[in-house]
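In what follows, a single structure is set out as structure tokens and then discussed.
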Amino acid sequence: MKNESFGKKILNFIGNNSVPILFVLICVICIPISGFSASYLINEIVTRMGRNIFLILCLLIPIMAGMGLNFGMTLGAMAAELALILVSDWQIWGIPGIVLAMILSIPFSIVLGTFCGKILNMAKGREMITSYIISFFMNGIYQLIVLYMMGPIIPIKHSNVKLPRGYGIRNSVDLIHMRQYLDNLIAVRIGGVKIPVLTFLIIGVLCLFIIWFRKTKLGQDMRAVGQDMNVARDAGINVERTRIISIVMSTVLAGFGMVIYLQNMGNIATYSSHSQIGMFCIAALLVGGASVDRASIGNVFLGVILFHTMFIVAPKAGAMITGDSMIGEYFRVFISYGVITLSLILYETKKRKSKSLVGQQLAQAQKDEEEKA
Amino acid sequence: MNKTRRLLFQIGAVLILAAIAFCMMVIGRGHTVYFDNKILEYDDETYEPPYKVTVYVGGEQVAKLNAKERGMATTIGQDFEMELKIMEVKGGDETRETYQIKLPRTLDGIVVNLPGYLAGLPEEAWMSEFVPIVTESSEEEEVPGGDEFEMEDLGDF
Amino acid sequence: MQTNSPPLLEMRNIKKDFFGNQVLTDINLTLHEGEVLGLCGENGAGKSTLMKILFGMDVIRETGGYEGEILLDGKPVSFSTPFEALEAGIGMVHQEFSLIPGFTAAENIVLNREPKKRNIFSEVFGERLDTLDYNEITGRAEAAIDKMGFHIEKNMRISDMPVGHKQFTEIARELSKENLKLLILDEPTAVLTEKEAEALLRSIRSMSEKGIAVIFITHRLHEILSVCDKVVVMRDGFVVSDVPAAETTVNEISKWMVGRNVSSADSRDIRDTSGSRTILSIRRLWVDMPGETVRDVSLDVREGEILGIGGLAGQGKLGIPNGIMGLYEAGGTVELDGKPIPLNAPRKCLDASLAFVSEDRRGVGLLLDETLEWNIAFPAMQVQNKFLRSYLGGLVKWRDEKGIREVTERYIDELAIKCTGSKQKARELSGGNQQKICLAKAFALEPKFLFVSEPTRGIDIGAKALVLNALKKFNRESGVTVVMISSELEELRQICDRIAIVSGGKIAGIRPASDPSEEFGMLMVSMVK
Amino acid sequence: MNETLADRNNFTVRDRLKSMVRNFGLPRLIIAGFLLLLFIAAPFVGADFWTQISNTINRFSWNAVMVLAMVPMIHSGCGLNFGLPLGIISGLLGATLSIELGFTGPVSFVMAVAIATPFALILGAGYGWLLNKIKGGEMMIATYVGFSSVSFMCMMWLLLPYHSPTMVWGLSGKGLRTTISLEGFYDKVLANILQINIGNLSIPTGTLLFFALLAWLMWAFLHTKTGTAMTAVGSNPTFARAAGVNVDKMRMLSVVMSTWLAAIGILVYEQGFGFIQLYMAPFYMALPAVSAILIGGASVNKASIGHVILGTFLFQGIVTMTPTVMNNAIHMDMSEVIRVVASQGMILYALTRKTEVTK
């Protein structure tokens, strides 16, 4: 009897955490095949954690407000890129350059986030697809600014940033004078593994902020709005505004995260850095066991570790198995999309199941009553 | 009362951010300093370069210049400190000394003529702006557009 | 003592119409501090409209406001939003729960009124970044629960609670409001178990002792008698009686609720069908229709009759046709002409020549964005292959636009549907004409048996008569058996041959339509759950 | 007296205009106006009018079938088919297998269609089954089903044992190339049928006729009993259920149709374009098709053949006209940006419209 319930518990656990478990399995299989040394792997993962966690954390707030996965975080990334392009052209280097870029990204993020929030309020119930399309739409506007307005309208001086034709920004903007300044400021080496302490400290502060934020009035309102918009409205909470704030916060944080990400990378791929960032962050979060309506800081950390382990080892493992390195490349892209697809499907079917479950229970109760009568 | 108070706080916060941003713009300004160990003619006088100059910035050697050579270092901020190890003639004694230069904020690249500087000439004599020669190939860079991304765009993450 | 101070609440000559449809006429009400007022009446009697006016709901303003005066503590008030009413000390517990499922009871009790502490961020970004004071939240929730006198677990999440406790959480939320003077409870016992209902009555008494006035709306009349100081009965937008609870009985109240001077009885054409065979027999039917649960219904319908099904809202009368027609999950057995009809399969019912006009016109009854032609012809086309032309030996079934137009125009004429033509979109018609389209749709199926659910809901009086006459004519001329479900007893008595009353998800009784309405009133409240 | 009459006339005209704008949608009007402007401006900036028209018609003929694929799913209430890549993959499988099996010339096109069909039916059925499980969340999941299937096929293109030397990488002898030329296979097979050439104007009559045939079939289908039921399901699923229609079956049918049309659509596109594009190429192909039908006047739950034709023409017109006209006029090629903003803006506009049918 006791064993049975224990078995059931395990089954339940597997059922609820199928995605992370699947990833653990993939990693366990792929790591030995790839033949990477432990120190190399750990080094890579630590670097990627420092690079990505901040970005992924910004997804938590819209989930809290019931707006699902914020594909519009790309907007924050664009804001950060605009800021970094300007800062780079002004030749502000090092830590001051990074700080300036963060501050500069705030107004951009606020404008973009407000726009996104307002549109999402007009498309309640299909926030995700809408935020996804917004990211494409804004990509167009971003290109308009970067490709045509930077130069003639927004002054850009330096030829290492500007296209030779006289306007527009190059495909790739070098951030050599900011590269890993943040990571290296207080870096500690433990057994050949470089730990970017300052970056982790900043991440830690953000985690504390999110924990604290949940306990504020605004955080409470967001949770209320996320669970039942109508009840929240009846209680006098300004639902629309709360939703917009959650998106703006997410966008601003995404902007900071993108600055951290890019200072680690050391250059901006002007027209593509942002376009995939949303997808990878969301995939990582989901791998960590989050769902469309529930995500925690733990999911973020676990997700980054699992997702990026897969990301590092998949190409090599793929090459080892099939003899073609591209297989692994495609495999990891497939896995990223696949995991998002799977999570979305699980979420939607669960929503439906819980509905029909209520019906079944009622029917059963009536049946019982009938039998009694 | 409460509203004005909050407004004050908000304005304060924005001002603080703006102030930080401004500070960053000042202290974070990056410069590239070029060291010319070349002959300088100024006021009808000629200043000969020493045989060899070794330049240290922040304790690290950035250039070892024979006569007629140019070296380069990057720095953040306007207070530039360098250490020069000078060998006047081949095989001669080396002197080591620290120099402070105040860089102009507006210039990206600054050329410092070492013989002129060491001779204690006025600033305009030994300092000049570095103007990069555009050697860009004029080919247009391929700029991706729209919603057609290629595999490369997926990039490394 | 009370006579010296002005009453807590006074409503004077309240009038309200919805687009010319008078729903409240000259309502006068007074309520003193600590008094408990029982408000009862049939559905549509105007109870909820009256409460909506008092509570300042948006609907009232949007439909042109109301006439008359409301005085609170002797001062005239007029609330334009529910928040103003809350501010003035009026609390209301609605029938639908207004709770956040993932929050604890305590969090729900203080929802959007959480005690807060200031911090550095809130100075800059405003009060919404104040941190919540959890100790204070628990404290206030405890106080409110104490005040209510029924213990609920303050740290339990709403989604884990039994239904009754959710109801109590709502009440505790209203009680936690410091300035609460008047509490409106809209059918609070509907979801409670016997024990919980008793506890609620006790807590109403204790509230009243603390000086809070309560307006208690319920269909369980004995509850009213046991807890209220006075009873107000409404019918058709009038207050028909306002008496101290001690001076009346359940019988009397139920009479007031449905009673009417029956003068039109003679003109009615009632057919005695007791000799006819049974065409539809329902045995032990249960239907899971939210809000209209059918528990155990057994019913025989005789061929050629018009059977009315009446009852109070939420008792399950709507669930019967919806369950049989397969729109909601159902169980039990249904036989038409001795042949069993499978449940949960709409197509099978239609194939068996049953037809249904739903009470949810816009949701179920119509294709709002399509033409009248489509609306009328669609079911007949799908179920019976009417209005189709076959080509290639039946491989291609082509829509017969001409046939569709003809049938649509015929019904437009027959039912006097006001429209610009058969190609008009259904959305653009008025409620009454939409209802006629729904009827035409069912008529076009030429069924043997027709369910009509709330055919007159939300349409004006002229259209009502037309719709009812059309139904009667359809029954009398084509011999089709009709089962009509309606909340309006008078309407049923006007056109039906027999009337079954549903109460508590079961059939409380079947009477000839000529029986006095008091009889039906008694049945309605007999098994209320 | 006369004046008041005139006034009233004016009033009604203005009223009618207003309601027209409202029905048509401001973004659509802007896009149509923009295209008109481009056509007017074209001769002035030195672009040849007839070449432009030819280009537009050509591109129209390539893309129209894929836009047509949107229609069934919109009709059945499944929303915009962001999962179009799934159908495209079926088409690609048909195309590559047809070549692999050694068919050439026009026969290879017929065989490609024939081989693609079972794939489209099977994948479409699976996709439809999935969409029936997740009613209400179709669009987002469709998008990601498209993405994951494309990235899955990326691996398959490398791994599947293709051998035809025209298709595999020359060096390693395995794995398909990213682009495969269709010369000698079905390059322009449809376009060359009855092609009309007058000066700079050339019209691919065959392709247009092929599209017309499919469009007519679609139109005819929507006039049958089943087609009527499908429209009703999209308009009000509860109504349809109450009228005895099997809602899930109708939705499934619409998804299969859409997937099949997408497969045929990509084959038509390839025969016009002259190349098969594999790997990530189908990735974002849904978006132009989606925005085209929306520009044509469709909404998330209403679409007609007219919308397909008008929308494809407007969208492709802008795609072909902007680069030349803009380049000639201001020497700045902003066509990409304009296309992205216009098409994505259109999708956004459609998504934010309130639709009455809520499930």
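The first chain written gets the first letter, and so on, giving A, B, C and D; residue counts start at 1 in each chain.
What we mean here is this: contacts are C-beta pairs under 8 Å (C-beta built on N, C-alpha and C of every residue); 3 or more make two chains touch, one makes a residue touch a chain.
Just so we're clear, the structure is a prediction, and the values are computed from it rather than from any experiment.
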Pick out whichever of the two, C-D or A-D, is joined by more C-beta pairs in contact.
A-D
So, comparing each chain's Cα centre against the centre of all protein Cα atoms, which one is closest?
A
Hey, how far is the Cα centre of chain B from the one of chain D, in Å?
55
Go ahead and note the Å separation of the Cα centroids belonging to chain A and chain D.
31
Interchain centroid distance [CA atoms averaged], chain C/chain D, Å:
47
Chain centres from averaged Cα atoms put chain B and chain C apart, in whole Å, by 79
Touching at least 2 other chains, the residues of chain D are 287, 336-337, 340, 344
Among chain A residues, those touching two or more other chains are 136, 140, 143, 147, 333
Pull out every residue in chain C that's touching 2 or more other chains.
none
With touch defined as at the start, can you tell me which chain D residues reach chain A in the complex?
82, 130, 133-137, 139-141, 143-145, 147-148, 151-152, 154-155, 158-159, 175, 287, 332, 334, 336-337, 340-341, 344-345, 347-348, 351-352, 358
Any idea which chain D residues touch chain C in the complex?
220, 223-226, 228-229, 231-232, 235-236, 238-239, 241-246, 302, 356
For chain A, which residues count as touching chain D in their complex?
119, 122-123, 125-126, 128-130, 132-134, 136-137, 139-141, 143-144, 147-148, 322, 324, 326-327, 330-331, 333-334, 336-338, 340-341, 344-345, 347-349, 352
Chain B-touching residues of chain C, taken from the complex the two chains share:
123-126
If we count contacts the way the header does, which residues on chain C are in touch with chain D in the complex?
325, 327, 346-347, 349-351, 356, 358, 360, 363-370, 374, 378-379, 381-383, 385, 388, 396-399, 427
